[in-house]
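What follows is a set of structures to go through.
Note that subunit A is present in both complexes that follow, paired respectively with subunit B and with subunit C.
Coming up: the complex of A and B.
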């Protein structure tokens, strides 16, 4: 119980801090942070899966589903409220997740990764040829309203969206933290370590992974809807494998220990991307690749492991992994 | 004179004949296109599967090495035919030489210079490492060869045309099928019938025991990786005359060969051959029958195969950890 209270308190403080920060930081950074949080939510889903030892290379499926659900609701039904659109994105992710989860529950490792990749590429291929949804050009969206508030100036609009995204992000992050610390959440760690042992203890690994998959799907849908609102445009590239690869990169960069690290990593990645595209316009992808290699080489546990290292020894929580699974011999 | 009863059957028969003839033609077209597509796909995918079998790495950068091979061959061919330097058939040897050069330079460089630092990591992390290599290599190719397209069509026209069922094909495409068959047989023979091959198989089976038996596993790794790179570059070099070589070709190739390798079973040479045919036919059928499905038919096939055989067509299930 104390853990939950602490998490909720941290969430309230984080919300207030973000709301204040939005006033202080320049407008371009507000835009970057909004997009980074939206993508961080999707990566948080992969982190939830990673705790159970699975990595999905196809989160683009749900990211895209959320974005298109929000986009179609806005264009076809005239729904303009951000909260409603994001809820629709979450529902789209949920439905798709519940349909796909049982199909994928038996797969592990590289097979799970490639199968999720295949699913996302099927979605990409279909959307490219579905002309009623804009085909490969995608669709443009107009600015959303927030609980009845229609921002008049663009600066207000970007701040409002940032505030809304921060709110959603903090709520999602707090819920994930509570789930991760719960018995079912901790069982994911055990399942990654040794599935048969967990089965003998009476828990179902299928069920654990299934739940994690649905959580990841919902987070993907929410992130997709928020991205659609902040970009003002949706296209099939939301489901392309490079998009999914970026989420996996984020999850690896942050590690699976800390939830906050996911969003720090997301902002860091967006900054590295915008700076390297400014300073090395022709080789920024390569620069990103070098960055990625260095992170994997020197920070195998991700940014989250840094926080763990800085913590005083006595205060190390029970959830700290005893060994880094990334160091296992193949 | 115009008795409808008299005309009807003839008309029907005629129509049936027409339908039959075109469907035979269509089937032949799908079959031949599929095999041609499968040929270069097999060469590339078998390299990917070999690298996975030995090093346990699903190499995302494989497609970039295909495109480096294609660029190198296109440059060499352009230089050779542009200067009219010798007998035209030597161009094929030059393409082979380009692939060998790419493999000998990049294989040891990537394996010794980068990958070996990551061998103890999780296989999914290794996929991400090669994804980073892919990003770097794509930009490096753009820096070296620029963003414009290269054409190397001279070798393509050299072998003339062949016709089947009234369908006309370029002879080069059939030479490519021959190359794929020769590559596959050579690889199968050297893996199963030579000492070096048996050592490689031993490392695939259990690298620790192999090391204990005195096998230099490090050298096998470098050798297998370079051979895998050579196969990617070979596929690229001999596909170059068929296509316009431009940035981004590696992406399509890696996604297709991924599908082939996963369908066939990771690490299986026979599986790669069967799966390449599978994928080739699926793509050809989609192009002829449902063109809009071409973009994703391969993944559909892959998802269907994995749904029934999670480890692919040709891979034994591995034991679960207790």
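Coming up: the complex of A and C.
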């Protein structure tokens, strides 16, 4: 339980630090960080899948479902509270995840990736032709309220949304850390390594992957709803394959070891994108490609692996090995 | 008395290759059986069928009077059957501790907990006992990928015995291990399960190992059982010498 207490304490400190940072950093960075955290949540879902050995190229499906659920609730039912809208985004992801998970849990590797991609493109195609949902133009959303608080100035609104997004992000990150360190989290890791042994230990790999898929779907829905509130606009591009590809890019950039690394990677990526588009307006995609190439070449385990690399070499294990020669296997 | 394991007319073919042909065997509780035979004789196929890895084309597998034919490995495990593999099936990216902790956690039905940390006080005590029995303490913090083959074999067996199976099937426990380490390795395994009521079936190519540890031997050839009985009798059987041991006994 010490690990859980430590994680929760770190979450409280992170919340306070982010709240303070929101005051200090310029408004444009607040906007960048808000969007980065929203996308980071979707990438965190991919990380949960990656720990079990799967990569989804279709998280845009859930990102889009969360965004449209929040958008339609706001436009059709007049719900304007950010917490309610994000909860609806999560529920949309959850329902879709529960429906799709059993269909995909038996697939691995490129088959799983391609099927998720195909699903997202089906959603994209349907939304493009559904004019009641705005068709290819999408829908505009107005600024949300926060537990009854309606920010008057746009700067206050940005900060309030940043604060709210940070809170949701920290809670999700802490829950994921606890999950990754739990028996089930370790079992996912084990399933990635050796499915046969997992089955022979009495656990179901299909079930493990299914649960991971639903977790990723919920995180996708939450990220989608937050992005919709941050951008003030939703359109079918939320489900387009390049959007899903961006989440995979983020997951590769962060690696699957550290939860914090996912959000650091998300901010880094948004910054690289912002600066590249400012200084190389015609070739910024190339700059982004070079950035990814450098990461894959020099940090194949992602940013999260830096923590492992920086650990002092030759550190003694927690318990020293027994000295009795009879304790040693032949 | 009902046999612990009874196979009735097992048949299995892979295309034109007959891997099991009318295999009918009854194994009594507490026995230690050695399974011998040349490569492709059907020993591993027999283990794979009993543990649910393969479905037989025909025939039945009964455990304690219950039909377990075609059940998935995890269901067969719940009924008390465990196995180790010729190539150890362990989690190479995890530490030895983590491998065994997972096995213990699933045993306690905590495998689906998203809250319980993998390491707990109760499991740590059980882990320590397991490490001691298999003489694995010096390696506990090491990643499996960094361990020698013999130690991996022991981890594989240790993971299989965590739930004190009624029936333990060991597929070539000493293969890939240096000659001088074979007996010490088997000693560790057999001592680790000493005092339990586990019935053991092990596949082995070294007839000295079979002679020392088995109290009954099944000799396989071309998917059939060609001899069944006490080690001395089976190893001196003419057909066994011709097709299996090459006159080594």
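Keep in mind that, in the parts below, the second predicted complex is superposed on the first by the 311 of 330 C-alpha atoms of A that agree within 3 Å, B and C clash if a C-alpha of one lies under 4 Å from a C-alpha of the other, contacts with A are read in each partner's own complex, and residues count from 1 in each chain.
In the analysis below, contacts are C-beta pairs under 8 Å (C-beta built on N, C-alpha and C of every residue); 3 or more make two chains touch, one makes a residue touch a chain.
Note that the structure is predicted; figures quoted are calculated from it, not measured.
Asks: Quick one: classify A:4 as touching subunit B (first), subunit C (second), both or neither.
Replies: Second partner only, subunit C.
Asks: With the two complexes superposed on chain A, say which partner A:151 touches: subunit B (first), subunit C (second), both, or neither.
Replies: neither
Asks: Name the contact category of A:80: first (subunit B only), second (subunit C only), both, or neither.
Replies: Neither partner.
Asks: Once chain A of both complexes is superposed, is A:183 in touch with subunit B (first), subunit C (second), both, or neither?
Replies: Only subunit C is touched by A:183; subunit B is not.
Asks: Subunit B or subunit C: which reaches more residues on subunit A?
Replies: Counted on subunit A, the partner with more touching residues turns out to be B.
Asks: Figure out whether A:292 sits in contact with subunit B (first) or subunit C (second), or with both, or with neither.
Replies: First partner only.
Asks: Per the contact definition in the header, classify A:194: touching subunit B only (first), subunit C only (second), both, or neither.
Replies: Both subunit B and subunit C are touched by A:194.
Asks: Just checking: does A:135 make contact with subunit B only, subunit C only, both, or neither of them? Give me first, second, both or neither.
Replies: Neither partner.
Asks: Could you look at A:202 and tell me whether it touches subunit B, subunit C, both or neither (first, second, both, neither)?
Replies: Only subunit C; A:202 stays clear of subunit B.
Asks: With the touch criterion stated at the top, can you tell me which subunit A residues are shared between the subunit B interface and the subunit C interface?
Replies: Comparing the two interfaces on subunit A, one with subunit B and one with subunit C, the shared residues are 194, 196, 326-330.
Asks: What residues on subunit C touch subunit A, complex-wise?
Replies: Answer in residue numbers: 51, 72-74, 77-78, 82-83, 85, 89-94, 98-99, 101-103, 105-107, 110-118, 132, 134-141, 150-151, 154, 159-160, 163, 181, 184-185, 187-188.
Asks: Hey, which residues of subunit B end up touching subunit A in the complex?
Replies: For subunit B paired with subunit A, touching residues are 56, 58, 114, 117-129, 131-136, 138-140, 142-143, 255, 258-259, 262, 266, 292-293, 295-297, 299-300, 302-303, 306-307, 310-311, 320-322.
Asks: Show me the residue ranges of subunit A that touch subunit B in the complex, using the header's touch definition.
Replies: Residues of subunit A touching subunit B: 55, 57, 103, 106-107, 109-111, 113-115, 117-119, 121-122, 124-126, 128-129, 194-196, 241, 245, 248-249, 252, 282-286, 288-290, 292-293, 296-297, 300, 325-330.
Asks: Quick one: in the complex, what on subunit A touches subunit C?
Replies: Interface residues on subunit A, with respect to subunit C: 1, 3-4, 178-179, 181-187, 189-190, 192-194, 196-197, 199-204, 207, 211, 317-319, 321-322, 326-330.
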